[in-house]
């Protein structure tokens, strides 16, 4: 018990710092958010046009209402699971300060994780709550009935948390690429585009050819976005939800293991090459 | 002699938002940002004759850089005016900056990823230096600043001293009439500092370039400047020669003695021995070191050394130079009005 | 003017030398932009697999508008990318001092100092889309079509550049403004689709406030139909000119307010 207490006491300052930064840079952050969310609005108009141009009430199984929920919950999920780990790791490698991490008494990725959690705590109040409320008000206005399901929402939160953890470790792994590239801008762009496609954030996986969709559903990327979004929308049956949670946990363990493995070989590399 | 630089009642105010520390402070700043006007430069006037090297000194945050930035046309004065080389910097900036060179010691103006000579090739175009003149100029700068060893290396690989030489050369490529050097020796080791000082002197002597330099190192001033302007908290507190400054504020030296036997320190009583006040001479102990600070106008270095050697066993001794901070400290203690 | 052209050649030459040092990074950047666009187009393809037309526009027409929107965007991206740095870093870190001590126009200097060849990723997409869609569209073609297209490209690029100039100049007052640039710049994605898919409010904004509609949809629809040249082409010229005038005004006012950094 006291170990856990000590653990949280060690990392609490990081969370606090993360929260403070978020508040201090709120104007920047809100501008950035507005810029990003515009693309969801563009997609909203595109879908509206699509449904106007179509005779059917549904598009490959999605109604307009589903599409809106999909767009905005996907945006929210993408935002909440976004992790800067790759940038932080890359920066430290390029500056050579990563070697310092080996002599600190606290774990590298833990201090970073708790820092980011601080940021997310503020985000919950600033974005998460308003956006979920907005989506639900829209659904109510369109359908005339309350569609919000507390069960789905709670399962979504669990899935979202797992998705964030996978994203975090995935990005830390990716950050180690800085050992090979001087500048991660290009590779980061490629990574982010690929991930958002593979995770079903650009195009719902259900719209893709079924063979491809099945493969993408198993890969870790679906666990980052598509899985939590589908759970929120109530598209998954109980067995599908259990299966997805299992898959998410599996990928989390894989990513965690991979991080440890790379970190160990990086330490070795640093010990031999010296920074 | 005609004046190259002429500054009258220069004043610069900045608005600053004050943030209290901590999360609470951040939240507070969100709703009610507190603003405060800070006067960085407060009615400063001075003139610099053509061909002079003027040392601009003062503690950190005194407003030295702000004055330089107004003189170079980077900042608009809140009030007051300056005229350099017959021009008002802010009026026709593009025309004005052709005649000046600027070096900010903390920041390079060289292209980071390119070989050094590429920077010069670009600057040649920017300043429209004719080919023939450019060749001659590079040869001259090469001789003075010894650029040849590293002119083909990418700037990011240069040492700090090389970079500073390269930056000074960059500021001189277009043969400016006035050279502004903001901390040109900061962070450099003694030998490199020496090189840079020689180069500045040589350029001043051969081309009659007027130079304004800010520095923390009094040795720069002693070697280069006939005249100094000292500012503190945005106000001019002294304008005159270095010997005048020392005369006014006392030439304070610090001697450090490494004692063989540290407790011997209490045997030393300088104030009583020389019949001086604590202000004029004082000593403190730091481990085995005895540090003695004194005013050379009241007691000579020789007397202090011989008294110390007679009184205690000394392993080693070390003379420290006058520090500008020390002079300023004294200025306040004595409350001298100028 | 001659002098600035000469300077530009020198800046480009220097840039290419730097490029050679980091070729892999730049190549990856271009590939990144290319696949970003490719997924968007795949998405449009999936939509059209289910519906024949999107509120009256055929697949080829949509691709043409999309491709057209990338012309100005990629050119702006190639030539004025350094403006982002003004808002994100250059002013905040006091690096702008350097430009003020040089005898050339500050705005020109900042822009010319850097290029962004990553933009070739977008350019390639643009060329592919236009060369696929143009033969499928029965577009009116006259002797003046190409000169007119060139005029449009210049002014459309100016709209992009001006938006970046004015928003990055805000940093002269606030120290950092990259996020404001980002917020408004992102609205460019609205230009990729016909404006008629948007509601009235959005249409007014992208036509008269942040006139991105003039970088793509309006001129593209003129080239497709030959209708409304005065509004579609004239509008682009006017929008580009007005935006640029405002941008220069804001930039010059900003220079006066610039407070440098440090002590």
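Just so it is clear, A, B and C label the chains in written order, and each chain counts residues from 1 on its own.
Operating definition for what follows: a contact is a pair of C-beta atoms (placed from the backbone, for glycine too) under 8 Å apart; a residue touches a chain by one contact, two chains touch by 3 or more.
The structure displayed is predicted, hence computed values, not measured ones.
Chains joined by the most contact pairs: A-C.
Farthest chain from chain A, judged by C-alpha centroids: B.
Chain nearest the geometric middle of the protein is C, using mean C-alpha positions. Here the CA centre of chain A is 30 Å from the CA centre of chain C. Centre-to-centre separation of chain B and chain C, using mean CA positions: 45 Å.
Rounded to a whole number, the gap between the C-alpha centres of chain A and chain B is 51 angstrom.
Those residues of chain C in touch with two or more other chains are numbered 22.
Residue ranges on chain C touching chain A, taken from their complex, read 22, 24-33, 35-36, 39-40, 42-43, 46-47, 50-56, 118, 176, 178-180, 182-187, 189-190, 192-193, 197-199, 202.
On chain A, the positions that touch chain C within their shared complex are 27-29, 31-32, 34-36, 38-39, 41-42, 45-46, 48-50, 52-54, 59-60, 181-183, 185-190, 193-194, 196-197, 202-203, 207-208.
If you check the complex, the residues on chain C that touch chain B are 3, 6-7, 10-11, 14, 17-18, 21-22, 94-95, 97-98, 100-105, 109, 256, 258-260, 262-263.
Within the complex formed with chain C, the residues of chain B that make contact are 14, 40, 60-66, 69, 72-76, 93-95, 97-98, 100, 102, 104, 106-107, 109, 111, 113-114, 118, 121-122, 125-128, 154.
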